[in-house]
Structure formats: C-alpha cells, structure tokens
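Let me begin by handing over the structure; questions about it come next.
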Amino acid sequence: MNISKETMQHMYITMKRIREFELKTQELFAEGKVPGFVHLYLGEEAVSAGTCEYLNDNDYITSTHRGHGHIIAKGGDMKYMMAELFGKATGYCKGKGGSMHIADRDKGILGANGIVGAGQDIALGAGFSINYKGTKQVCICFFGDGSTNQGTFHESLNLASIWHLPIVYVCENNNYAISMSQSRHQHIQNISDRGTAYGIPSLHIDGNNVIAVYKTIAAAVDRARKGEGPTLIECKTYRWRGHFEGDPAIYKPQEEQEAWLKKDPLLQFKTYLESNHFFNEDQLHIWDTAVCQEIDEAVRFADESPLPDINTVVNDVYSDITEEVRVR
Amino acid sequence: MNISKETMQHMYITMKRIREFELKTQELFAEGKVPGFVHLYLGEEAVSAGTCEYLNDNDYITSTHRGHGHIIAKGGDMKYMMAELFGKATGYCKGKGGSMHIADRDKGILGANGIVGAGQDIALGAGFSINYKGTKQVCICFFGDGSTNQGTFHESLNLASIWHLPIVYVCENNNYAISMSQSRHQHIQNISDRGTAYGIPSLHIDGNNVIAVYKTIAAAVDRARKGEGPTLIECKTYRWRGHFEGDPAIYKPQEEQEAWLKKDPLLQFKTYLESNHFFNEDQLHIWDTAVCQEIDEAVRFADESPLPDINTVVNDVYSDITEEVRVR
Amino acid sequence: MKTMTYGQAIKEGMSIRMRENPNVYLLGEDVGAFGGCFGVSAGMFKEFGGKRICDTPISEGAIIGTAIGSAATGLRPIAEIMMGDFVTVAMDQLVNQSAKMRYMFGGKISLPLVVRLPGGAGVSAAAQHSQSLEAWLVHVPGLKVIYPSTPQDALGLMLSAIDDDNPVIMIEHKALYSVKGNVYNLAPIPLGKGDIKRKGNDITIIATGKMVYEALTAAESLKTAGISAEVIDPRSLYPLDKNLIADSVSKTHRVIVTTEETKRGSYAGELSAYIHEELFDKLDSPVSRVCALNTPIPFAPNLEKAFLPNAADIFRAAKALF
Amino acid sequence: MKTMTYGQAIKEGMSIRMRENPNVYLLGEDVGAFGGCFGVSAGMFKEFGGKRICDTPISEGAIIGTAIGSAATGLRPIAEIMMGDFVTVAMDQLVNQSAKMRYMFGGKISLPLVVRLPGGAGVSAAAQHSQSLEAWLVHVPGLKVIYPSTPQDALGLMLSAIDDDNPVIMIEHKALYSVKGNVYNLAPIPLGKGDIKRKGNDITIIATGKMVYEALTAAESLKTAGISAEVIDPRSLYPLDKNLIADSVSKTHRVIVTTEETKRGSYAGELSAYIHEELFDKLDSPVSRVCALNTPIPFAPNLEKAFLPNAADIFRAAKALF
C-alpha cells in the first residue's frame, strides 16, 4: 500500500495537534483553568491519527474518557474542544459535558464517554444503521485495554460478528487501567486473542507506529465497507501520564516509562519522514509552528468565551420539554 | 481412569431421578398443579449427573433457570423440590422461590437463578471464598449456550483466570437460547473456543455421554483443587422440550429433534451398563422402580403439604427486620 | 371501532409506524419468528422481515446500546427487553447513555428510541420476573415513561412514543396482554395527557397499569357505600398531566394513589409528595398510597396475591379517608 | 477523641473490623496499593496485604457477584464501586441477586455484605460521575441503605454495616471525603438510628449527606430570621428512624426534606409521602422538598452550582412555610 505525501503530512499534523493540545491541557489543568477529571492522550497519538486518517467525515467513531486524541483526529475543532474543557458556553456541549463528553455529530463523533465500555455498545448501533441503510460507512470503536474486561466488550463483539457489522474495534492497549497493569487485569498477552471467541479476525500491531496503524486500519475498513464484518485491532502503546491529571502514577516502573518515552510516536514519525526525505525539518517546523498557533488560538477562544448563562442549566434535557428552573 | 461400579450405579440412579422428576413435572404442569415458568432438563441428564458425581457435599454449584437436574444431581431432596414447585410451605424456599430459585446451602447449592448469566458471577464469590480460606473445595458453574453471550460470562471467566479460582465452568450447550439456535446467536462452533480469551484451558465433549462427562470433570476438578485454576468444559447436548412448558418449539427442525432423541443419554448409559455387564436389566429395573416410587412420594408429599401461611409473605426479607404486613 | 387485546394494540401501534416509516424497527430477544416471549410481535416477522424485526442474543446491554447508536445515526428503534426485570443489566445504557446524551452533548443529538419493558406480577413468575420498576426510570431526567392500561391507550401511546425524539420507556403489564378492549381510533395519544377512567366527585383514585382495573372495581364498591370515586390513569408517568390531577383533587379533596410497586421509594410516593406540595390546601386528608408490600415478589400464588394490592385494599384505604 | 476526615473514618471503620475478623475483606477497582480512586483505602494494602485488599479488573458486575458469592459462603466482603454511577452496570447483582436471595431461598441464606458507593456532585465530574442514586436502592426490599454525613457517623455506620447479616449499601459523598470532624468513640451506630444535628423548635429540616451541612448553614440564617430550625440526619435511609422524625415533626409542625438528588422520583419524595401519610395532622404546612434540578448534572462549575440545592434554597423554602 502506498501512502501519499499528503496523507503523511496530514497524519503528522494531526499527531502534532494532539500532542500540543494535550501538553497545553496538562498545563491549564495545573493552573486550575480546566475543572473536573482530565485524562490525557499523550504518547498514544499514533493510534487515533493513523486510524482516523483513513476515514471519511461521515464515518463514525465512538470514544472513551480519554477522548481528546480521537476527536482531534476525526476532525473535531480544537477551539470548541478547549472551550468545552473550560466549561464555556461556546464549547462543543455548551459547557454541559466537559472533557469526558465531547461529541460532534457532523464529524461522526458519537461522543467521548465517562463509562468504561459504553462506547462498544453504541458502536453497535452505528454499525447497525449503516447496514440497515446500506450506506457503506464504517464505525471505529476506540477503547482501552482495561475496558476489554467489561461485559459490554463481549456483547458488542459477539453481536457485531453475527450481524456482520462494519465496525473496526481499535483497542488502545496502553498497558494500564488506572493502576492495574494489563498483566494484572487479564491473563492473556494479546488482547487480539479475544477475537477468536467471536470468530472475528484480530491482530495486534505497534500502536506507536502511525504508518502501521494506518495500513492495518485501511485493510480493516476496506473489509468492513465490503460487508465482510468487523475486525479487532490491538494497538500496543503507552500512557505517558498518570491515569488522570493528579495521579503521580507511582505504580509505573521507571524503566518501563523511560523505555516507552523513547518510543515517542511523534518523534518516530518525524524521524521517518525526514530520513526518508518526505519532508525536511524546515517544512515540519512550519507545520509545528502553525499547530502551536492553532492551540494558542483555541486557548484564547476558550479564555475569552463567556460562561454559560446559568439559566441554560435546564435546557437540552428533552427536545420538547424544558424543565422548570426552580423545581426544587 | 477407572470408574467404580458404585459410581456408575449412582450416576445411573441420578439420571433416572432427573428423567422421572422432569417427566412428572411436565405432567403436573399440564394439569395446572405447578404454577409459573417451568424449564425442563429432559435430554440433558448426563451433564449434571456426570458432573456432580465427582463432587463432595461441601463443593458448590451455581445453577440456572433450568436447574432441576443440577439440584437433584448435587443431592437436593426431590420432596422439597416438588413441594417448592407446588408453592407449598414445605418446599425448599417455603414457597417463595419456585422452580427458578431453589437453593440448598447444606448441599452447596447456591441457587437456581432466573437471570441468565447471574450464576457466573456468584460462582466467582464461591471460588474466592475457597481460595481465601484454603479449603480445597471447588465450585461448578452451570450455564447454557445462550448465557455465554451475556457480559457476566466474560467478566467471570476473566476474573477466575487472573485469580486462579477453583471453578469448573460447565456449559450445557443444548443448541438453543429459547428460539435462537446457537448458529444464530454466536459466530463460533465451539463455545470452548471462548476459553482462549482468558487463558483458560477449554474443551468440548459429548454431553450425552455420562462417562465422558464424569472423566472430563474429574480432571478439571482435580486441577482446580490443586490450585491450578479454572477450566471451561462445553457439553454438547440437546433440549428435548420447548424452552419452557407451553412453548411448542416449532423452530426446532424435526430431523434435528429426532436425531437427538436417538442419542438419549439415559438409554445410552443403560445400554453401556448392560452390554459391558456392569449391571443386568433386572438390577436396573429395581433401581428404576425405586426412583419412580421416590417421585411418587415426592408428589404425594408436595400434594399433601400445606400452602404457606399468607402471613409469612413478609418474613425472610431481612435477618432482623420483619416488614409490616399492611404497609400499603 | 375494533376490539383487540392490549398485546395486539401494542403490535398494531408498532406496525402502523413501521409501515409508514422505513426507519422504524424492532429488536429484542426472540421477537422475530418466535413472536416475542409474550407473543406481542407475533406475525410482525412475516410482515416486515428479519431486517426490521431483529432477533438478538441474550445481551440486554447491547440491545439498548444498539438502539442508542442507531437512534443517534438516523433510525427509530423500538427495543423490547423480554421482562422489565432484565433492565437491571441495561441500566447503564438507559440511564448514563440514552437519558443523558442530549444534555451532555449540549442539545446536539436526538435519540428517538422506545424501550418496551413488560413488568408486573400475578403469574407466579417470582421475584426476578415480576417487578414494577417504573420509579427508577421516572427518577432519571432525560427519559419519558409511559404505562398504558387499556388497548386504546397502548396503541395511542405507542404511536406517540415512536414519534417522540427522546428516549421513551413504555412499561407494559404482562398480565394485561390478553385483556381485550375497544379501540376507537388510531390517533396518537400525546405523552403527558392523563385520562379519567371514571368520573366521580368524592375521592380521586390515581392508578397505573393493572391497578386501574382494581381501582375501577373499588370505585364500584365505593359507590355502593355512597362514595363517588373518580379514577385517573396518568398513562404518562413523566411528563405528568398535572392539570388533570389538580382539577380532580380540587373537586374531591381526597386522593388515593395506587400502583403495583413495592411501596417504599415508589412512583406512588413521588405522586403523593407532589400532590401534597402543590395541592396541600385542597386536601381534606393525606394522600394515601395503596401499593404492593415491601418484600421481593413471592412465587406461591397465595403469597403473591397477599403481596399484591387489590380493589379491597383500595376500598379500605378510601373508606379510611372519610 | 480523635480528629479525622470522613474518608479516614471510613477506612478506620473497615480496618477495625478487618483486624478483628479475618473473614472481612475489601475488593474493588484500584483499592489496593493505589489506595482507591479517592484514597479511602490508602495504606490498607500495606497493613492487610493483597489477599484482603483485593484489586479487580473493570467488571463491576463481577465485583458485586464476587461479594455475593463469597458472602453466601462465609466471608464478609466490602465492595467498593469506584463511583456510585457505575452501579448501573451492577444493578442485576445488587437488586435481583443480593437483595432477593434471602427471601427467594425462604430465609435460608445470609448475605453479610457491604457495598460502598461514592456519590454526589460538586467537583465538575459531570453527568456520569456525580449522581445521587439512593432512591433506586431504597426502593429495593432486601437492601439496607445508609448515608453518613460526618466522620463519626461514617465510622460508626461502617462498623454496623459490616456487622449486619444483610446487604448494606453505604452511600458516601465524594466531596465530603476530605471534611474533618471529631470522632468521639468507636462504637457501632445502629442502622435505623437517625441523629439530631441541631436542636430547634419551629421547623424540622431532614437532610442527608452533604446537604446536612447546607441545612446547618440555613439553620444559622433562619435563626437570624427568628426561626429555630431542627436539623435531622436520618443517616440510615432504610431502615428509617421513624420515631425521631415523628417526635421532631410533632414539635415543629413544619418540614423541609433536602437531598442532593434530582427531585423527581427522589428519596426525598418518599420521605415526604411518608410524613404526610403518618403525620398529616401534625403538619401546619406541606412538606417541602429542596433537591437538585431535574436535569442531568452539568459540567461547568457555574451550571453545576445552579443545579445543586444549597443553604439559600433551604432558607427560602423554610421561610415560605411560615
């Protein structure tokens, strides 16, 4: 499979966007600008960048509590994301959702999700719709290693298999579910081994290699579009930070952390692009700078945006009923 | 492995007990003597008889909505069972549980269960206790093919595996979950393939061959007692009747039904015992007659037992609080 | 005018919309050729085929998840959970996902989905197959909850539920499926409109589901005792027809709320609290709840009967208010 | 006397019983060396080891299932569900299994288990990490439900919960974990005994969890306004200390019930219904509920604040009753 320069450029920019968005969020959280729980995607950029690159706007994704990367890669607007993280009226969810609940229907983003395993079920419905309407879209279902121990994982893969749904299950195995390393939370080495239980083709790949991710996903997406059903792809990667901001993650062995930092997916891709003479440093630098500007603008946008009017607290519960403001 | 004549005799009697108990229940249900839902175990007798034969009284089992066979095989008293089916005060549950909720703690029977998949979770706790106290008991977890699509199946096997719990998972694959044949509800031929997903040794056997069941279970139980963890055993069998009494089961192909009726587990075992000269027909006949008498006594006991006093409706909710009779 | 059973009316409601709108479909365990555990969808498989009358494995969470995801992407699913009690394995999907999505996403998503929950006791199905769990669902902002008692209401409410752009939970009483009634018209009954099942002046009996029939029986007995009872069926538990209740209570000054739930923490309690809060001055006596006992549901028919509230209980409670 | 936080008091309660009884153990996600998501079990892993402070995968159903099965076979488990909202994926185990087993089995089994559910809002954790779901659990016969507001109560109730031979759900408010208070003694507080948090004569404010503090603040303001408020913390939602409430209401004749739940279908409604039913003649005005809004819980701090009930709301509601 040949990957065009344009595709590579776009994947690089996506990864850089995610990286910078998360670094900035880390900083803003520490400053107290971002309330609530924040789960950073640092170190896992290649998975969503490589995956979403092969998708169309009208393809769907379901996401997780660690969703920023998925949303950026699927074309979400960082301004509205950042505004949402700030709890501002201009955010994706008008301040009602926050980091864990960002959605963008126009981009096929069916929502980040605060419940581990919930996206697996929702993906079923998206896949069901596609087959029902015969529209040849696909749905990517992102989830973590830890979530593969929830019943929803099991039920979802079984149903997708018997219904031949066009779902690509993308497991981001970052080796941890909060403090539980994979070896403690399940007795298998490769999560892709779980596909056998459903008759679903499954494989595991280096999730820090964006090219590998892209190619593997492309094959699975093509298969899904042809009506051949779901695929399970385990991407081995690593969570650089604690589970959420504020978690010092002392349970991670230092050598392990260091080894993975050396496998920085962005740096690896940069080196690859340069050493294969796809792009030179100057070119990459220009993009880097542009990304940093975008982030700054997103932060400025978020900062300058108004808080939601507190009367809006009662809106959006139903399409047709507005709750009374003072029912208490 | 050598199987003693005593063991064979006992397994035969167990199977005969289950067969006759169920035939009688079928009759009584049709007469309107047994209210509620009744799920018969006819045709699957070899599974529970072969399994429980290798257990001790203090070993545990968890059961399902189709629990009569499990309870009889684990040593439950048919008198109290029948009385419970009748909704009588002398029943196992004082008439509060009925067919789907029979339990007997003294025999390690942790309960039939009306919720598909619920026993899988409860088995975890029994296994946990055993390891915690170091008592070398085992827990058998019985469940159907359909229940292996519930999230509880998945969560249970994963936990049992990482905790090395002494659980033997016995799947009664009778090819149907109500009207859904296995090929419609999952995309795999052997449910034992699901063990791979948890690193659990798994195998499938002829569930209508009581000797095969006994031997396979024995090995798995020995393994569990030695602290080597769980095993998944799929027993291929067939549900002779509809899902519950009243279901004409028109979704079952007639040839399929006939083929399986020919594989009658009780008849097969009888032929085996006779042709290998373990027991002659006269001997078997004596036992058969005794079993039929037991069943008659059980029915008489149930019939003559009093209804529960309606004031007992408020008892047994808590160990220490009795609900007021008329709180409405 | 047609006579049909409650179960047939539900089927009719689903079928009408399925004929009109190709995006409406039904999914659930054994709803296909088998026709559903209670036969409600019998024949629909034949009419609409397996693509639209969709059998599922025993995975209730995934059933509701599929409904959610497909509703979010343009379909209008109707999901049947075989017994309301099994909603316990799909609560996350219902509560944390379907009910909250519109709000969490800032109003930018619609989830037009219907979930059918056959509930209720009376057939010796024991503790895990007989519950009335509507109180849980009414407590969840984002859900609408309806509970028809007659074939006419079942049909009209089903049509509105399918038309609604929000998750609607329809509670159905399993012991009502075979009850026949007249169906006068095929118009949707708006959610939030209650119905006066019997006019009266001295006491208001608010009843849901199968208790509507017990209330009507009690009203007959009360008449003999010289008390004229008005029987109100809210039909829609949320949104609630507050005006209908206010009008009735303003006239009668006495209220019984009767439901098949275990009393403690019931929807009946919510109604009672609400009526006291809003209509205290109209009340001559406290609102009285007639519910099931605070116990799990027993198997033995005589115990189950003792567990369940009935017309005699309503009669007694009503008399006590005078 | 010792000063400790609410979180530490919970830990102390668990630790005391674990030291005394080898059959008591704790299980849940990240409760081990990590110390639990809110640090409640910090240090327990070191003291009791991994066998008794037991980390689990993300499988809440299996966590409660393990608790049930082990309680049925002789242990006394304490299960932590990381956030109360996640109980949605373990409702079957809690409701259809643990709550009903004793009854279904004719009283022949005991399930001594404690389930800890950290609930409540106030930390911008949004709609899926902030709910107060106690109403659901109170509605389930077979469960006991407790909800401490202070370190002393947390410790005493935890001891009783562990000692109890029935499933006990302990609701903990996540925003209270770091609140300090005096712990005067290490005696169990019997389930079903409420507490007067402040004595008063003119109005009874019944408050649970974090709302106890809002009620106390409101009581201060009311004092300035010439109204003497009694603040009652039931502590145990079921069984309920009916006498304590009756005594107070007989004295004050006015009642506010305040909880952090969404109002519709709340436990506050159950309390209100109950008080009206039993104490109608003592009431000079209807019981008034001060609860959260009927919406999912919003993320933005200002919206979340608008969502939550507070002392000012209680004050206003109280004034309105005079």
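Going in written order, the chains are labelled A, B, C and D, and every chain counts its residues from 1.
Heads up, the rule we're going with is that contacts are C-beta pairs under 8 Å (C-beta built on N, C-alpha and C of every residue); 3 or more make two chains touch, one makes a residue touch a chain.
Quantities reported herein were computed from a predicted structural model and do not represent experimental measurements.
Counted as hops between touching chains, the shortest connection from chain B to chain C is 1. In this assembly, B is the chain whose CA centroid lies farthest from the centroid of chain D.
Between the CA-based centres of chain A and chain B the separation comes to 45 Å, rounded to the whole angstrom. If you average the CA atoms of chain C and of chain D, the two centres end up 30 Å from each other. One inter-chain figure worth recording: chain A and chain D are separated by 36 Å, centre to centre, where each centre is the mean of the chain's CA atoms. Chain B and chain D have CA centres that are 39 Å apart.
Annotation for chain B: residues touching 2 or more other chains are 93, 95-97, 101, 113-115, 149-152, 155, 158, 162, 184-186, 317, 323. Taken residue by residue, chain D touches two or more other chains at 57, 59, 61, 85-86, 88-89, 92, 96, 103-104, 126-128, 141-142, 264, 289, 294-296, 298, whereas all remaining positions touch fewer. Taken as a contact graph, the chains are fully connected, with every chain touching every other chain.
On the side of chain C, the complex with chain D involves touching residues 61, 85-86, 88-89, 91-92, 95-96, 99-100, 103-104, 126-128, 135-136, 138-142, 238, 261-262, 264-270, 272-274, 276-277, 280, 285-289, 294-296, 298. In the complex of the two chains, the chain A residues touching chain D come out as 35-37, 84, 87-88, 93, 95-98, 100-101, 113-117, 146-147, 149-151, 177-180, 184-186, 251, 307-308, 310, 312-314, 317, 323-325, 327-328. The part of chain A that touches chain B in the complex is made up of residues 149-155, 158, 161-162, 184-188, 193-194, 196-200. By the touch rule above, chain C contacts chain B in their complex via residues 29-30, 32-34, 37, 55, 57-59, 61, 85-86, 88-89, 123-129, 263-264, 289-296, 298-303, 305-307, 309, 313, 317.
Contact residues of chain D toward chain B in the complex are 25, 51, 56-57, 59, 61-62, 64-75, 77, 92-93, 96-97, 101-110, 141-142, 144, 164-166, 239.
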